[in-house]
Structure formats: structure tokens, C-alpha cells
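Next come two complexes built around subunit A: one with subunit B, the other with subunit C.
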Partner chain A sequence: MSAEPQTPAKLQVDLHVKYIQSLNTKQDDLEYWLSEHLRVQGIYWGLNTLDMMDHLDALPRDDLIKYICSCQHENGGFGGHIGHDPHIQNTLSALQVLVTLNALDSIDTDKVVRYVASKQNDDGSFRGDDWGEVDTRFCYIALSICSLLKRLDAINVDKCVEWILKCRNYDGGFGNQPGAESHSGQIFCCVNALAIAGALHHVDRDLLGWWLCERQVKNGGLNGRPEKLEDVCYSWWVLSSLATIDRLQWINADKLTAFILSSQDLEDGGISDRPGDMVDVFHTNFGVTGLSLLKYPGLKAVDPVYCMPQYIIDSLGLPRLHQCNK
Partner chain B sequence: MVSPREEDKSENPFYPFMLVETNLGIPIPVVHHVLAAASAEFMDNKGKLREDRSKLELSSRVLFMINPEHSTAANTRKQLIQEEVIDGQSELHLINLMFTIPRHSKSAIAWHHRKWLREFVERSTGSSFDIESERKICERTATIYPRNYYSWVYRHNLLKLMASDTAALKTEYNWSRAWVESHISDHTGIQHLERCLIMTGLEFDIIEHWSWTADNIKRYPGHEALWCHLRFCSHFAASRRKLLADSIVTFIQECMEECDRATGEEGVLLQKQLASRYSLWVARLAACSSQVDASSKALLVKTSLIYVNELMELDDHSKFYDDWSTNTFITKIDIK
Partner chain C sequence: MSSNVHGVKKVKTSEEIAQARKEKEAVKIKEYNGLVSKCRREVENKNFDNTTLKLTSQILQYNPDFYTIWNYRREILLNGIFLEMTEEEKEATLKQELGFFMELIRINPKSYWLWNHRRWCLATMAKPDWKQELKLVGKMLDLDARNFHGWGYRRYVIDEMTRGQVDTQELDKSEYEYTSTKIKQSFSNYSAWHYRSKLLPSIIKDITTEERKAIGKSEIDMIKNALYTEPDDQSAWLYYWWLVGRVPKDVKLLGAYTVPDKTSIFLVFDDEVLLARDINVQDASGQKISGHWFGVASTTAKQPSCVWALNANTVGEQKWKDVCLTAEDILLDSPEKRFCVPSEAIQIKETADKDVIALVRQLEACPDDKTVSVCKLTSKREEESNSIWQVEDHESLLLNEIESLEELLELEPDSKWLLQTMAHFLLQLDLLRRQQGSTVEVESDIRSRALKIIRQLSSIDPDRSQRYIDWEHNVTKAPLNSGLDEINGQLRSSIQEHLDRK
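Here is the complex of A and B:
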């Protein structure tokens, strides 16, 4: 376990902007090639971080739109990069980027909805792609996409809720499928899927909220499961779930803020999983969105259900499914 | 780490790779070149109907082996298996090899690939997979990568296949219990034991199992995973009207006393914290349950009010305990 963080630096907005701008130029790095399949998700993480810090114009808007559109397949789904197979996870990221850039009109959204709807199983669960993997993540993704496009009518929401509830455990948490261990990432998916479905009354907020706040370890960071190491990304998965069920006050916000800030790279920008490790854009996004939920000054408010700035969700005319950002 | 030296270039025809007998070494600094080349070749061959699929097979193998999360490479391999370009058994060996790398052994996509392969081979040959060898690969991956989520999910799915076989479930329970004894901080493995308990159902001696867990907690202080399991056991026992409030209170007291005697040791503070949290958790469980009698509820809730103070003294940082002690939380519970 890492040591107590020293007096942490402030959020290094300028450095993080530069870091995100540099991501597409690192073709001599192994990480660049290892993350080739994540390019579309990477753009969402980068762009979302920039928007939270009020620097949306730091990436070239038209190029991004063109690139994202080039990842869409005939069946409506998006691949993780040009030429990669479609998957609903990349489809959500692509949609989030286009919504953020106010460019939904550059794609055929009906086709996207048809693609997502075609992935629902009879038991209510969703497959991620044509090859049949099933996971509670995909339920959240399907509901999130259909909600952003105001097409929840296209899928069987009640059946999906029924299946998600089969993934709930005695501790109040949720796993990736019926019988699997409670996991903060899957809890984020299930709780926020239930929020979108209008089915949060199924959640025992005190029981689950307690389990979630027990994820906070001595140095203030949060882990995803018992006896795992703390990790900045859980600042999002755990915190947003607590926000949605209105139990955010149970976390020690000062200690968590200090932990996230101490995970910044103070020379080249970016945020890592924990102090001293290599940064990446995934942890940069979830560190910054976590800080937003913790009311860190200078950041835009984030919607815990959609992991996008609140003003965007509001501007779409979608209801706030949580008690934050009043 | 061994790296090939530039001065050996003339003697090493494979430079910068190293080939020793049948072992190939690829230096980390050149891996990205391998990936870039394989990626270009893969994209060039993907989607094209060609007689010769060998380039697609080879490039997808390189991409998938270096990065099991490359779903397009994995999908392409599934397609090549359907086309009988790749043999199912050899693909299984490839995944076994991939799973010798700890980081790779936790890949969701690789585990799904294995599940898909198993189902495909069973469908196309009509013969079932050897469950024993599947169990072995689960055990190995769970051991080399602690709290290996997808490895254990895979094992749960094997467990479902033997749902009606009581003897097999019993064997799995015994194996799982022994595994937990040597991996007491692995909550994912412990959760598998919980699955075994649920599947064997009512026939189980939950009181004996509770005691076994409690003994382990005393033997290995400061492990959250074991305390989580004790919560599960209490939940399980309560639903079968077997929650023994007196034993619980005694056990927590004994843990506290042992901690007081062992001051300064690693894990002692944590053990106190975990014991106190358990007291609160089991009090809420009892208070909310219709299967627990009134005097047990009263005893457990009364005890929890002592330990919530303990938690605040221990500087447990959750504001949850403030809510508990000011009764805004516990008064929601019906104590009759």
C-alpha cells in the first residue's frame, strides 16, 4: 500500500490538456499499439476530460467527427478503431463524443438504435457484439445509448431490469452476471442502468452505500473489491454509484481528493491509477470526473449516471436521475 | 531481463529476437514494431476473401497473443475456427499458453474466447469438454493472478453444469474450502466458496461453516475478505433461522481481547476495525430480518452501539458511522 500522500499539488489543467493533445503522436510507444483497439473510447475519455476542464476546443472538432464516423459499420455499430469489429461499448463512446461535439446529425442514429436493440437476449440481458459475450456492462451501455437518443422504447427495459436484479448479491452489490462477485465497476453499470430504467427502488441504498464507502482505504483512495489495491478509476465507479443512490456524504472527500491529486504526473500531465505509476487517458478522465463529483473548484459539474458534463445532459432535455448538482 | 547485444548481431541470425532451442525471446523495446507490422498485415487480409488464410491466421495470432483484449483479432480467430482453418484443439493449447502470462490470464475477452470455443467444439463434435482440465486451468490462473475475476466467473459456469450432481458439488466445496485456507485474502475465491454453499443449499451445516470461518479470522487477523465471508455466513444462517446472536457477540469480544493483547502487530488495528464493522453489519441484518427473533435483534443492535464508538476512535474515516451513532440510520430499522 502506498504511503499517505504529501500535501498534493493543485489540479494541473494546462499539463493535462497538453497530455491529451499529445496522445495521437506516440507511435513509438508500446502503449500506443497495445491500445489500438481502444482508440474510440480513448477519444471519449480525452474529450470528456477536456470538456470537464473547459478546454473542449483543444482537439480538432471536424477531424474527430470524421474519424468517429469512419468507425461506424453498415449494421450501425462502431468499432474501436478504423477496420475494427463493431461492439456496443465503442458504440456508446462514439455516441458520447458526437453528443459532446453536438454532431449527432452526422450519423444515422436509427441504425445505431437498431444495432443495440438487436443485441438483447430473451432473458433481458445484452450481448456486446455478434459473438455472444454477456455482461451487466452491456445492459448499462444499451440503456445509456437508447436514453441519450431518447429511444428507450426500442428495447425491453423491464426485462433488462429483471436480469440485472439476478446479478445482485447478499452484500447489496452486483456482479457481471448472475452469481458473480460484487465489483464496483459492475455496480456502477447496474445502479445507473436501474436509474435510467426508473427502477432504483430495487436498490437497498444503505446496504449498498455502506459496501461502497468501505472501499475507501487508509490513504483515501478507493478500491473496487475487498483487499484490492486502491485505484483512481474507482474514484469514478464507486463515487458515481454513491452519488446516484444519494450516499456520497459517506466518503471522506478530502482524503480522496488528495489521493487523486497525488496521482498526477506533475511533469508531463495525465493521471495514473495510483501515485508513481504511468499515466493514461482512462485514469485521467476518471480522476477528473471523480474530482468533479467531489466539487473540486474550477471543474464543470458531471452527471453521475452518464459520465458526461451535466450541461450536456440538461441540454438534451434528459431528466437528472440523481440528487447532485443542485 | 536478458536483451540481445548489438555486438552479437553477426552471430544471431534472428537479431533482435533470441531463439534458444524452441524458446523465442522478443525484447520489450521491439514489441511495438511487431504489433505495428502484425496490425498492418491483419487489416490488409481481414475482410478479403482469399484462398490463403494463413496470413490472417498468423497476424491475428500475434495480435491476440500480445494483446488478449484485441477483440477484433479474437473474433477473426473464431471465424477461422468456424471455417476450419484453425483447429479447435490447437486453439485451446494457444489459450493455455496465453494463460501462463499472469496479466493475460485475467482478460475478459480471452475467457469469453475459451467459453465460445468450448461450446463450438461441443456442438460440432457432439462430445463434451473435459471439465477436469477446465478446472485445472481455472486453478492455475486463479493462483498466478490473485482475485482473477473472469477466471472465477468461468469456474462458476462450470459449477452450473454440475448443479444436479450432489457428489460433484461436495467435491467442489471441499476443494474450494482448502483453496481458501491457503488464499485467505482472495475474496474472489472466497466468493466461489459462497456459490458452492448456495448451490448445495439446505443440506449444509452452516453453523460448522461459520465456526470454520471464525477460526480462520482469528488465525489470520486483519483480512477483510474473511470478514466479508463471515457476513455472508451470517446472512445465510439468518435466512435459515440459524443466526446465533450469543456466539456472534462472544466471537467479536474475543477478537477484540486478542487484539488488545497483541498491540503493535501488523493487522491488529485493521482487525479491530473489521470486527467492529461486522458487529454493525450483523446488527442491521438481524434488525431487518423477519427470520431473527426479537431478543437476538436487541442483543445485536445493543452490541453494535458499543462498537460504533470504537470505530470512531479508530479514526475510520467514513461518515457512515456518524449517521449510525446519531441514530438517523438505525432508527430506520424496526426493532420490536
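Here is the complex of A and C:
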């Protein structure tokens, strides 16, 4: 990569489209095979980025639908790739892809809801799969899936809220389990799970907003925890949490925009965790959705709660649980 | 997300080097894919034996995040290998699994799946050696003092060690001392400060007032030590805020209002609230009036609002009488606020303000389908007392801390953490005195000093200037009172905003 530019380039939409299109042609790279378990999530990241940039048709719609459907198991859950075991995280990604492609009718959504509901524990928390890992990430995923399918009635939302509140800390943030340290990724999950549950009043917005805006470091990037390195993906986890609690103005938007833009690969497209690193589709998505929250011109508006374009959430008839995109 | 996408530098390579790497990778790809398809075949054929187990080892050495292979591995053990083993042999096999974890964790210390597997092994063992686990996680935290998998694992081990015990205080105490050690090694160890906050409530349980005072003092000493050493490190400051605690802010109902000949009534609060359920409104004959409650100008569905409206079902001549509110009716948007429950029923007053009447007419003409009526959430916030160890009265604590911050301020006049803590403590003192009904002059002195600091912060820390502006605005905005002019103003602006949104 060439030397870091002083003034960051504009968002390289065409390069990013090409980069995302190229992802499925890298069978020569070992990484292509080693990341197979992330395929379904990767498609969501790629497709969501494309939709944000108004290039939804850059990937073959019918092939994607066919592929996603072939990752669904008898029990309703989706694996990370064909033949991979079902997991609640891949299930959300699969659903997001199908919602984006307006193709929910190609699967049995009742089965998905039953799968998600079967993962709830008596204390309200959710397991990620049959092996039982428990994490606030899975609460968000369960609520997001059931909300997108308008089946929040299928799970015990109040119990889930109760459990999430056990993960709240003195800094206003949330950890992955009761007792765990606050982490921006988990805060994204908990704040937005509470938003979906209609329980945002449990969030101390000024206190949490303060902690979140202190994630911005001198070069404009955001970190995930105090005294850690900045990373483009926190442009999403931190920023969307700030957006949901209506404190988006508490960071320097220009500096963050410049940081994300300077993490682009100006030759081959894609966005990396920080300037000069290898790009990947995960950071490409969260860089672009972050830019959308920052009102970068030419991008579609994103819904901070669902991490999908606002127009899709609106078209599902779901209420806006935040104050962005007026 | 796999951690191998973080922090990998992009290196420009020549054509030849790229070609050579490709050839090398081609061999690996062939081997890896061969292993994966063979392993799948064996698992499909239910060959749950050592040969298949070895295949999973080889694949996981390539890719410790391939969760399906971890699932296979456990299935092979449970439904194959274990079936022909004695308890001792099983235990030995599981110990080998723990060794396998150690081999892989060095390469990828942030893999969720690896940690999950270790927990499964220990849960499956007849006699897991938890003390050994505690030692192990201690070593890991020596290598990376902020690894949150490590800290999470530590809590899990402690939970297992105290499982079924009523009194966990002894172990909590040694963990508390462990956090002291970690914090002394590095004052920026946020993870250790955090863990300490979770242990302190247990440490101060069932001890005498004198002992509490001693612990309170040693906590403050440790914080001061950190603040003097690294005044720009946020870790100790945030712990300090928590330890000193916050004065709960009182939220009040200002009144209940209606306009002539309309079917709506309005509850006006002096801060944003949520209704937990339908409020009991009675007519002149003591009958409950039912209808549709919604937050007026509630910024989004299910969000708190200062004004709540009831659109009554029975249209016509309502004779409103009064409103009864209980503590269970109201939810606040911060654990640091508390609702002052009115001691008696609130009489519903009529407002004759022409603008309000016109606006209410408009509001009733377009019934709201989008606003969610009432948050049906039943779970209630647990009682939290941040300064749980606290025995001195809050006011003298704040005065002491403000005095000691003055000294540090002479050394560090531009430390933003110090300045905002000073502003916060001053405003807390102001709030406390106002709620106790103190004289105006003293409070305004304190408040204007705090405001001066907040404005100073805007220029010291321009990236977050909007936060300081909002902070200042929150301090300076006049509290709503129950004068009819003000209530009419509030109703006008809320209803107007509500209508504008539609």
C-alpha cells in the first residue's frame, strides 16, 4: 500500500464493490478455506455494504438465496457454511441476507423462531448453540431475529431484559456475562437488545454516553475498551450505541470519518482495522455503516439497532427505535 | 469474528514472491481440504475413534475457530472414545484435552471456541482441579493483563470454586487482594478496577462501621495514588466516581390537566419518565376511566417523555376527578433518579389556554397509531446503591474530596479528567443541598464554579465539546415548576412537537 495520504481519499465505492465481488474467487488463498465457517456472516457483511452503497445487484441474488437456504438445518438454525453446525449467530446473518434480498418466503421462518426460542435459558439468557455458551451477544441476536420476524411473542423478553441488566457495570456499560468488564461490542448488543425490548430506560444515557465518547482516541479512531488500540469495527459498535441512546454528537465526526477513510485499501478496495493493515469484509461493512451514521454523502441511511439499511427496517413496518435518519 | 483479521500489516510483494507463496499455499490447501472432507466422512459414518479424533486435532491446528470441528471432537469423545473407558481413563483423556488447549491458545488467545472447549472439559471431568485452573489463568493474565477471555475465565473458575457455598467471602477477599496486586502493577488496568467494583460489595458485607470506614479510606488512598501517578488515565477516575456515588435526582409529577369538552388528560412531569402501566384516573363517581396512554413528543416509540396523555375511550361528557400514582406506575430513564410518589390523589385541573385547546383538538383529530401506548415491561430495576461501602454522610464526603482535588488541580490545571470530576462533585454537592432546601446564594456559587469548569473543558477537549455543551445546558436549564403558565408552555411545545412528527 502506498504511503498514508495526508488528506484521506473519498470513499472508493467502485473499488469496494469490486473487492466484495472478488471474495468468492480467492480459492487460491488458504485464508479462503480457513474462513469457511464465516461464509454466511461474510455474505451478510458484503451484501449489507453493497446495499449501503446502493449496489445491491453486484452479487447474484438467486445464487445467494440458494446458498443461504442450503445452510439451514432441520432444527431451523443455520450453519456458517453448507454442512457446518447450526449456530444462532449464523442464523441472524442468514436472516439478514434474506430480508435484504426480500426473500424471507424461501425459508420456513416458524422453524427459525422455534430454533431461537429453544435456545433461551430459564434465567432469560440465550445459548449460542447446543453446546451451551452464554453471552449477551446471543440475547441481541435472539431479539433481533424475533423482531425482524415479528415474533417477539415467541420468547420471554422480560426475562431476557432482566438477565441483560445483570451484565450492567458501574461505568454504565455492559459485559458479555454478569460480572464481565464493559466492552463496546457487548454494549452494542445490550443497548440495542434493550431498545428492541422497549427497555432503554434502564440505560443511564449520560453515563454510558460519556464512556462511549471517551473511546475516541487522538487520531480520530475509536477503541473498544479504555487504553486499547483503535479499530474501524468500533466505528460501528460504539457509534451505533451512541446513536441509539441519542448521543451521536458527542464524538468528533470529521476525525472519525477521516480515520475510516484512511483505512481503505486504495489499490484493491476494502477497509481494514486500521490504516495500512490487510482489509477484510467484516471491517469493510462496519467502516461503511459507521460512515453512514456519520452521514457520509452518497450512502443509504443505516438503522443503528439492526445494522441494516433504514429503508428495509421501515419497509418491514418495524418502528424506529432511535432518533437518527429523520 | 476470527481474530486473524486484526492487526495484520499489508505487505507489498513482488510477482515472484507472490507466485512462490501461491504454490506453497496450494499444497497446504490441498492438505487442509483433504483433512476436512475425510473428517466429515468419518463423522458421518459415526467412526468416533482415535483416528477421527486425530483428524480433528490436525484441522484445529490449522484453524482453531472451526467450531463444527470442535463439536465433532466432543461428539467423538462422548459417543465413541469414552464408551470403552474407565473413569480414570476418561479423566486422563480430558487432561490431554486441556493440554491440547494449551498448545492452541498460544497461537490464538482470543478464540471463543477454544475457551468454550476448556470449560466443557472441566464440566465433564469428575474431579476438575480448580486450584490448578486458577493458577493457570493467573499466568495468562500475567502475559496479557487485559485479556477479557482471561478475566471471564477467572470469574468462571471462582464461581465453580464457590459453587454451593453460602459464604464466598474468603475467596472474594483473596480475589480483591489480587485486584490490588494487578492495579499496583499498572494503574491503567481497567479490567482489574472493574473486577474490584464487583468484589467490594461482598468485602463490606457484615462488617462493623469502623471496618467499613477503614476500607473506604484505603480505597480512596489507592485511587489517589493512581491519580497522582497517572492523572490522565481514565481507569481510576471512573472507579472514583462510582465509589463516591451519586445523589439520586428527584423526579416529580407537576400536575394533571385537561381542557374543556375534550377526551384527553395530560400528566406533566419535571423530567422524562415512562409509564409502566395504565394509570388510575377516576371520574367524579369514583369510576376508573380507561383509554389509550401515550407519551406526547416521546421522541421514539417506547422512549421516555415529560408529558403523558390519556385518550379516554368514552367520548362525551367526562367528569374528570383525580389521578392516583404509585411507585410501580413510573419508570425512570436512569438508575440515579427516583420518583417522588405524590402523597395523595392529584386533582385534575382545567386549562383555558386557547393555544393548548386548539392543539389538543388537532391531537384528537388524528389518532396516533404509531406511538406505542405503554411499555408493558414488568421487570423492575434492582435497588442500587453505588456508594454501598459509604458510611459517612454524602455531603462531608463530597466536601473532603473537593478539597483534596483542589491540591491536585494546582499540579495538573489542565487535566480533563480532574476537571470534569471536580465539576461533577461540585454539581453533586449543589444538587444535594438544593434537595435539602439550602439557601440560594451558596448553591449558585458552587454551580457557577462548576459551569466555568465545564466551559473550560469544551476548549481543552474539543473532540467532545458537544458533550460539555449538553452538560452545561442540563445544568442551566430552569427546572419546570407547576405554575400554570409554564405548564401551558410545556403542553404547547410537546403537543406541537408531537404533531410535527406525524
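Here is the rule we go by: the second predicted complex is superposed on the first by the 321 of 326 C-alpha atoms of A that agree within 3 Å, B and C clash if a C-alpha of one lies under 4 Å from a C-alpha of the other, contacts with A are read in each partner's own complex, and residues count from 1 in each chain.
By definition in this document, contacts are C-beta pairs under 8 Å (C-beta built on N, C-alpha and C of every residue); 3 or more make two chains touch, one makes a residue touch a chain.
Just so we're clear, the structure is a prediction, and the values are computed from it rather than from any experiment.
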Sticking to the clash and touch definitions up top, decide whether subunit B and subunit C on subunit A clash or fit. clash
As a test of reading the superposition: which chain, subunit B or subunit C, is in touch with more residues of subunit A? C
Name the contact category of A:H283: first (subunit B only), second (subunit C only), both, or neither. second
Touching A:R151, do we find subunit B (first), subunit C (second), both, or neither? neither
Can A:E162 be said to touch subunit B (first), subunit C (second), both, or neither? second
Applying the touch criterion given at the start, work out whether A:R114 contacts subunit B, subunit C, both or neither, answering first, second, both or neither. neither
Pick one for A:D246: touches subunit B only (first), subunit C only (second), both, or neither. second
Between subunit B (first) and subunit C (second), which does A:L34 come into contact with in this model arrangement: first, second, both, or neither? both
Does the superposition put A:H73 against subunit B (first), subunit C (second), both, or neither? neither
Thinking of the overlay built on chain A, is A:L200 touched by subunit B (first), by subunit C (second), by both, or by neither? second
Clashing subunit C stretch [against subunit B; choices 258-266, 330-338, 348-356 or 384-392]: 384-392
Of all the subunit A residues, which ones make contact with subunit B and with subunit C? 27-30, 33-34, 36-37, 79-80, 83-85, 87, 129, 131, 133, 170-171, 175-177, 179-181, 183, 206-207, 209-210, 213-214, 216, 225-228, 249-252, 255
Under the stated contact criterion, what part of subunit A meets subunit B in this complex? 27-30, 32-34, 36-37, 79-80, 83-85, 87, 129-133, 135, 170-171, 175-177, 179-181, 183, 206-207, 209-210, 213-214, 216, 220, 225-228, 249-252, 255
Help me check something: in the complex, which residues belonging to subunit A touch subunit C? 1, 27-31, 33-38, 41, 79-80, 83-85, 87, 129, 131, 133, 158-159, 161-162, 165, 169-171, 175-177, 179-183, 197-207, 209-211, 213-214, 216, 225-229, 231, 233, 246-247, 249-252, 255, 265, 272-274, 276-280, 282-283, 319-323
Spell out the part of subunit B that touches subunit A in their complex, as residue ranges. 28, 31-32, 35-36, 39, 43, 46-47, 66-67, 69-72, 74-75, 78, 108-109, 112, 116, 147, 149, 152-153, 156, 160, 185-188, 191, 195, 223-225, 228, 231-232, 235-236, 277, 281, 284, 317-320, 323, 329, 332
Which positions of subunit C touch subunit A when the two form their complex? 1-2, 4-10, 12, 22, 25-26, 28-29, 32-33, 36, 40, 62-63, 65-68, 71, 74, 112, 116, 120, 146, 148, 151-152, 155, 188, 190-191, 194-195, 197-198, 233-235, 238-239, 242, 274, 299-304, 331-336, 370, 372, 375-379, 381-382, 386, 462-464, 466-467, 470, 474
